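Next up: the structures, one after another.
Both of the next two complexes hold chain A, though its partner changes from chain B to chain C.
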Partner chain A sequence: MNKVGVTPAVCWMLLPLAIVLGLLLSLSFGASSLSIEQVFGALIGNGNEHGERVVWELRLPRAVLATVVGLHFALSGCMLQALSRNPLADPGVLGISAGASLLAVMLVVGASMLPIGTSFNLQGDQLLAWLPWGALAGGILAALGVYLLSGSARLTPLKLIVTGVVCAAVLNAIMTGVLALWGQAHTETLVAWLAGSLHGRDWHHLWVILPWTLVGLIGVVITLRPLGLLRLNDEQVLSLGLDLGRWRLLVLLVATLLAASAVAVAGPIGFVGLVVPHIARGLVPGNLPHQLGISALLGALLVLVADLAGRTLVVPFELPVGVLCALIGVPAFLYLLKQQP
Partner chain B sequence: MSLNAERVQLGYDGNTIIHELSVAIPMQQVTALIGPNGCGKSTFLKSLAGLLRPTLGRVTLNGRSLENWPRRELALEVAMLPQKPVAPEGIRVRELVEYGRFPYQSILRGASREDREVVAWAMQQTGVECYAEKPVQALSGGQQQRVWIAMAIAQQAKILLLDEPTTFLDWGHQLEVLELLTKLNLEQKLTVAMSLHDLNQAAQFADHVLVMEQGTLLASGAPENVIETGMLASVFNVDAEVKIRANGKPCCLAKGSMNRLRGPAWIKDVV
Partner chain C sequence: MAAISIIAVVLSLMMGAQAFTPIDLWRLSQGEGELLQWILFWELRLPRTLLALLVGASLATAGGLMQGVTRNPLAAPDLTGVVAGAACMVVILSTLASVDAAWYPLAGVAGGAFVGVLTFVIAWKNGLMPVRVVLAGVAMSSMCVAVMTGLLVFSGAEAGELFFWLAGGISGRGWAQLAQVIIWTGPPLLLAMLLVRWFRVLLLDDAVGRSLGISVSRWRLMFMLLAVVMTAGAVTVAGPVGFIGLVVPHITRQLLSEQSVAWLPLNAVLGGLLLLWADLMARLPATAQEVPLGVVTALLGGPWLLLLMHKNIRRAG
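What follows is the complex of A and B.
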């Protein structure tokens, strides 16, 4: 029995409060700090021009994006861990993040090498507008590849994981090769992006990801019951009347869309999809709907806090949010692991 | 109702385990499937549950081939408890038993009042209602097995297939499980078919016994007609004495393995 368990109601109340608090702090702290009054003034259109600019154009889109991205990664990880019956699964392990990163990098490098690309003269942050579509396509292609290689409808959860690990390694190797050979002009931008970063993200990026958030959440609702069952063994799942192959593919697809769209706007932020579902399982053992919901909230909170820390710890520099997620998430994870019998 | 295997050939990855097996499972009775390790009992049960598609022949439920049954409809007729069921980490007994109601629910329609009543009934029948809010992993092996049976009967299928439901249980818990199944058979008219290793338990609790050897059906019928010294010697390689008990059921007492009489080299060494 797990002694860390708390009542789900407590999590459901405290986590949204923590997220609202985190959002307010994110709006307040930064290169130039604003008081809470200034933040509220700016939010209701009653502040000075500088405050309104900082809040509305820089910090609010970025903070909201951080919560959405965290929610995506955590939900995706939680679904993949249930699907593969393996607590080590996450979008990174299954090759989804690697596929998304590879295609995004190839798109950027390719665009600057081909005549058609140079005519656009893509530089720096402009590249960020291009990345999302490449990343989304890459993530989906990688997931489909892993699915097919692990035996399609006849796959076993273990095969899925092993194939995913192998594919992720290969895709990452190819990406490093592409970066080393042709990436010179964009190395700085791409390396920052690959570490998982929210630097320079604005409303545009939020509009890119929000439709996928909607699709993902609808997908989670639809797959919720079958996903609970998929945690049993195959024979049990089938004799309970669930079409195993079809639902597995659908769950994988929803998890991929969530992860790939998040990679698309923020880069492959690691650890969120791995650590957060594990913490959620510790908080509410057994019950999958609660685990998914609490994972989503925890993921949002973790990335929000990580981004805030990344922006404020080493001013005037910024640490990529992916780095901070690992630095905050992993000790929390190890602590919980130690608490478990 | 009828559940029949018609000249089925079964196997995995081109490896044939069962050749041309034809069996009709008697309805509203308890059937025990016996035979030595590796004779194909589990494989055969899987095919009866529609989990393994025959390479030749067919398994029919009410005259219709299992392949033509939509999974969900089949789940309303046949429930299967595999040998090694898996409980998700941390799941509570009630949540697990509720999974048995899955075939009656849809994506958006949650548990109805009837579902909750059936879950309560299933837990009460199996005597696990006092553990309802406990994590399944915290229970003993015998308690866990009763939880799995609760989940299977919450499915309210007319036919219940069980693959070695008594394995890993101590003597007392084995009897508890078998008594529970015969009670469900008598009270609910539940058709039970299960593989068993203990011949005396098969003799005591089954109305019908199927004897399998190397993928073929060797004998079938009432326990007193099937369980006899010749069969025990040829199928199990055991030199045994069969007595008829006061209730008319046979009871086997092993004298030793046949190898002992034939005397292979390694036995001689020991003697």
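What follows is the complex of A and C.
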């Protein structure tokens, strides 16, 4: 990329500021707008009842969830791109999101077929808590399938991407089939979820995803050094005495875990994992730890802003955040594709 | 080949919620039989069978044309965004403008051509590399899917119906739809077959074409346009059915040289057959709701494509 790198320090200072600003804007804009004073009042606990309820029960969990989900997808994409030495890898492109959604959908459909009155009901928190596990299993299966099908050790970036695209298409088709056979009464809800949506998410969803965030972040820290080395070519890595296969698998697992848990709460939001690492690479070329950190912050910011825009652009309707991320992400992706040699 | 085609056609006419025996079919063809059977046969089975053949033939031929003209084994109507563009335009028109259904094919052609051209323009960088085309196409498709999803969210009640159309299928289509498909895919199919001489030149190096005094880029554009019109015509009736345009040319290439005059017609025949079989399988399960056709083609085509790629890797490695 022919951009001039910005010093990492500037990014590290500006991005958190931007996220805080985005959070404040998210809290104040919406169906009923609150002034900044009202938001602050509600936050420190001396606002009116209406403001406090809107801020604490509706907007704050949703905004925080947006940042967490963005962080998940962006980190996952950044790791996958470093792992595959391929600037076009991303949980969506590689079929991980599709696999995660498929198993999550099957879990929901399966749960709905159980007789009413069993403890395992559709709206219940139990199902919500199980969704990340289902999504994780689906994501891992899809990731391993794509990895093996593209020739595992001898994989080339092209083969990996094309295999991923094909697998994603097949998985999406199966999912469409499951939805169509399930019956049309519920499809609207699931279609909205499949578009990637943060509508109606509350603290429960946040508590479901946060443990995974923690595990994912620990995983990122553990794999940081090997990941930097995996970007070199295989001979160099092997000569350094690194167990290539094992680390590759671990990195893949962490990236899948991050993406799949985000899919479980917010649906398959595309392009965040693809575009954000590119921007991070443009900002701080060559420095992987900084790239990962800045990717995480940028991803959080992007989803936060996209969700804010989705809520406020076409009142009284609400555009799913996945739609907006695609509308922002695709042109950026195409621009990057154009820039590449 | 001929035997398989005949078996498929007969099976397609026989099978369904109300199954016919071959004897029934014979009686019907003689103009006898019960009225109910007669109606079922004429109004449902026959148009549906013909529609399957035609849609499959159009998609496969479009795939063959695109792959040949761009010399890109991954250029297919679905991977280059043409299918998604056509579907997107139809969804836009049907949700926002509620225009007459007769305009859908035209809208599909416009949308498909627009997105297809955009894909190639974006992918262009000192020539067209297959990977870049696929990536640009996938990105453009996601954009279209995003727009469609956004519109589906607004459309509310229609969402279920549109969703089923978007999954791809030809159930419940009759003569009116068949006529629509024939109008839009028949002429380009015929034209492509008639112009096969120039198509074969395009398969060679550009220099060869130029030395023969042929305007390479003009013919390339011509064939791409034909492919787009065929695709859009098929998509507006059958929904975005994937994989046929991608997989069929790969299979036919194993059977016959691309350079052969019979290659394009072979694509059409095999594509039609494949879609007919897929449609048969979609009808097979005894559920209230049929399996969407796009699901069957993806399940048939996806593994096949992966196997094909795996073989190529083996050979290369």
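We take it that the second predicted complex is superposed on the first by the 288 of 341 C-alpha atoms of A that agree within 3 Å, B and C clash if a C-alpha of one lies under 4 Å from a C-alpha of the other, contacts with A are read in each partner's own complex, and residues count from 1 in each chain.
To be clear about the criterion, a contact is a pair of C-beta atoms (placed from the backbone, for glycine too) under 8 Å apart; a residue touches a chain by one contact, two chains touch by 3 or more.
As the structure is a computational prediction, the values presented were derived from the model and not from experiment.
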item	value
Larger contact residue set on chain A - chain B or chain C	C
Touched partner set for A:287, first chain B, second chain C, both or neither	first
Which of chain B and chain C A:231 touches, first, second, both or neither	first
Partner chain(s) touched by A:162 [first = chain B, second = chain C, both, neither]	second
First (chain B), second (chain C), both or neither touched by A:35	neither
Chain B versus chain C as contact partner of A:48, first or second or both or neither	neither
Which superposed partner A:7 touches (first chain B, second chain C, both, neither)	neither
Residues on chain A lying within both footprints (that of chain B and that of chain C)	none
Chain A contact footprint on chain C (complex, rising order)	74, 78-79, 122-123, 125, 130-132, 134-136, 138-140, 142-143, 145-147, 149-150, 152-154, 156, 159-161, 163-164, 166-167, 242-243, 287, 289, 291-292, 294-295, 297-299, 302-303, 305-306, 309-310, 313, 317
Chain B residues within the chain A interface of the complex	46, 49-51, 71-76, 78-80, 82, 84-92, 95, 99-100, 102-103, 105, 107, 135, 137-138, 155
Chain A - residues contacting chain B, complex	1-2, 5, 82, 85, 221-222, 224-226, 228-229, 231-233, 235-236, 238-243, 281, 285-288
Residues of chain A defined as touching chain C within the complex	88, 92-93, 149-151, 154, 158-159, 161-163, 165-167, 169-170, 172-174, 176-177, 179-181, 183-184, 187-188, 191-192, 194-195, 270-271, 317-320, 322-323, 326-327, 330, 333-334, 337-338, 340
